[in-house]
Amino acid sequence: MSGTKLYKNIVNIGGVLIVGLLLAIFITLFLNSYPSIREYKFNFFTSKIWDPVFEKFGALPFIIGTLLTSFISLVISIPFSLSVSLFVSEYYENAFFSRIFETLIDLLAGIPSVIYGLWGFFYVTPIVRNIQIKFLLPPTGVSILTASLVLSIMIIPYASSIAKEVIKLVPNDLKEAGYSLGASQYEVIRKVIFPYAKSGIFAGILLSLGRALGETMAVTMVIGNSIQLPKNIFQPGNTIASIIANEFTEAVGELHLSSLIELGLILFLITLIINLIANLIIKKYTFFEI
Amino acid sequence: MKILKDRLFKFMVIFLALLTLFPLFSIIFMIFKNGISVINLEFFTSLPKPPGETGGGVLNAIIGTLLLIFFASLIAIPFGLLTGIFLYEYRDKKIGEILTTFVDITQGIPSIVIGIISYLWIVKKMGHFSLISGSFALSLIFLPIIAKSTKETLKMIPSYIIEASLALGISYSRTILKVVLPSSIGGILSGILLGISRISGETAPLLFTAFGNPFLNLNILKPVSSLPHLIFIYTLSPYDNWRKHAWGCALILIIIVSFISFLNKLFLKKWKIKF
Amino acid sequence: MEDKILKIENFYAGYGKLEVLKNINIEIVRNKITAFMGPSGCGKTTLIRCINRMHELNKDAYYKGEIYLEGESIFSMEPVILRRKVGMVFQKPNPFPHLTIYENVLAGYIINGIKLKKEEKDRIVEENLKKVALWDEVKDKLYLRGTHLSGGQQQRLCIARTLALNPEILLLDEPTSSLDPKSTIEIERLLEKLKENVTIVIVTHNISQASRIADYVAFIYLGELIEYGRAEKIFTAPENKITEEYLSGKFG
């Protein structure tokens, strides 16, 4: 049946396309990072000197910046994500306003990153500046902390959307068994729901983390763009994503560009691994697709 | 004591959950408050004035955003549909699972990295920034969204519709192309609208592809401005006039994104074919 | 001597390791209603789906043996060609939701890209909707979607859609089991009228339905053909004990 054969052949192109695309992306990143990889090898990760003039590129400040902002934003966002998911899936599962609430949280996820940056710049930085003044620190306003605060708001919907689904999946009879033994709702949540849903919740947190790592615009606008290693969170800094955003168009020389691309490669690989793990957990333990 | 803990915990959960809405309302409030005063006819129809001067508008960015989305759609929609159909055809096989993961991975690539890719593949080869390289970057973000929503929509078509078609002596390929796909149009369009909503706000991939342009540009081979890009550079600029314009751009962007979302919900009800 | 249109010969079929049909031999008589009967899971649906080669679409499906349509093996034909000669109506009415009633009748042509003149299309639609006694009910709403009808009407629409291709055999797999009693009787009356021009094979688990409309009955049990013959004989004096027990309601 030549019609169906033709159809199948064309459809298969769709498969080849996505495989080819992903491979091409990886190969391009690797090939263009190579000059930098060859030049700096492991020092790239340990050196804190980022000097375009003398062509010495060490990414430690940005790795630290990324780790700090991601970790802090994750820690701040988790209680909120869990609260949101418990609100809509446990406490007020059937209330009409939960659906409205969920829509509102979706809106939060839909706001473009650059608008978070705009808001963060004009609303959050003055707040941080005031705190810095109180602590007698340089009142930059922009800092690792500012970026972490804005980031934490942005990643709340990611963990909460997964968490709320897995919490809903906890079987009713398990919860009722808990209640019939005299447990309070808090205890049922702690001792029945959370243990049952923990891998799903963990996957949701990983998804939030993946998002935090790759987030660029909002962070770039409020982190202060410093190439020094930050000594505390009130200092300006840079993440891997933000240094690329800040310097890419002004890159001087092949090594500079190659180093920035190597940073891009690192970002690509880290987010790939985290998202893969999160997806694997979701597939294995919760039987539904995201 | 136990009851106290229970009440306290519940209170905390409700408090934190409602608190998460605060940034949402703050953002929307500030955008409207600061943006409304900037929006006037001039804002929509004229080009930016040099830094320091008052007045001017963001026509170049509005047109730029529309053009970027248009060309990104031209690239992403056909290939996204194709990939989506592939994922649907092989959905019960191992290769389908693996490639779905590939699509997921592509969807998860940070948009700044996508910008790097488009830069290396197009900007470097062309020797200069361009609208088309920006659209290409956006299409890489758009494509996985279309592919996944196409696959999910096609999966929802009940097998008895396919059987009815086959039983009429209609070949399998025609069944997919003329029965299953048309029945899925609602979901597919929804995925497209979702993608458009997403890429209209993207900035990072445009930083070194479309690059920005203070003038109006309709040439796909030249750099072009866009609303999110203006928000970025205007916010960080020291000029009061530009900063005000940033809020105006944000307002337009939010309205565009909301409008698309509203269209989506409206049409989803209308185009959704019931079984 | 009755005219035989379809011959099922030494036929086996199943899925993977599961054998569902064993050694089936039946000759279907032209322009009569033949009913395949038996308890759930006996293989009657599998058998009917073999006749238009829909069985092959199932995972791990296999078959062995022969089926001849007018002397020609159906396995030597293109399935697409076969299915226009042997039409099928399903248990759940399945009009195409994205097509109008008008377009649904013509679906076999439209979707296959066969171009027809407007007058030809109108003629086919009216003729086949009249055959299924649906014309008067829908002639003013031909441009509504196919799903805007009641269950019984939808099923008649599906029959019209199949008849529009002028098949030689019409296969029906429990066509009334999801319909209300009134629609069921309407469809039964319809089939009795249609058999003048098309051979009908119907799968039914409803013994009274079979006794009302079948001319011939094939009783299948655990994948084997237990008994086959004229309906009056099978219902009044079955030769096989199992047939008798089934018909008297002892099981199934």
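The first chain written gets the first letter, and so on, giving A, B and C; residue counts start at 1 in each chain.
Here is the rule we use: a residue touches a chain if its C-beta (ideal position, glycine included) is under 8 Å from a C-beta of that chain, and two chains touch if they have at least 3 such contacts.
Just so it is clear, the structure is predicted and the values come from calculations on it, not from any experiment.
Put simply, the chain closest to the centre of the protein, by Cα centroids, is B. Look at the CA centroids: the one farthest from the centroid of subunit A belongs to C.
Spacing of subunit A relative to subunit B, judged by their CA centroids, is 18 angstrom. Taking each chain's centre as the average of its CA atoms, subunit B and subunit C sit 49 Å apart.
Separation between the centroids of subunit A and subunit C, computed from CA atoms only, is 57 Å.
In subunit A, 1 are the positions where the chain touches two or more neighbouring chains simultaneously. In subunit B, the residues that touch at least two other chains are 171, 174.
Shown for subunit C are the residues in touch with two or more other chains, namely 80.
Those residues of subunit B whose C-beta lies close enough to touch subunit C in the complex are 160-161, 163-171, 174-175, 178-179, 182-183, 185, 273-275. Of all residues in subunit C, those touching subunit B in their complex are 52, 54, 57, 80-84, 87-88, 90, 92, 94-98, 107-108, 110-113, 147, 158, 161-162, 165.
Subunit B meets subunit A in the complex at residues 2-3, 5-6, 9-10, 12-17, 19-21, 23-24, 26-27, 30-31, 79, 82-87, 89-90, 95, 99, 101-106, 108-113, 115-117, 119-121, 140, 147, 171-174, 176-177, 197-198, 200-204, 207-208, 211, 228, 231-232, 235-236, 246-247, 250, 253-254, 257, 261.
For subunit A in complex with subunit B, the residues that touch the partner chain are 1, 3-4, 6-8, 10-15, 17-19, 21-22, 25, 28-29, 32, 79-80, 82-84, 86-88, 91, 101, 104-105, 107-108, 110-119, 121-123, 153, 156, 184-187, 189, 210, 213-217, 220-221, 241, 244-245, 248-249, 260-261, 264, 267-268, 271-272, 275-276, 279.
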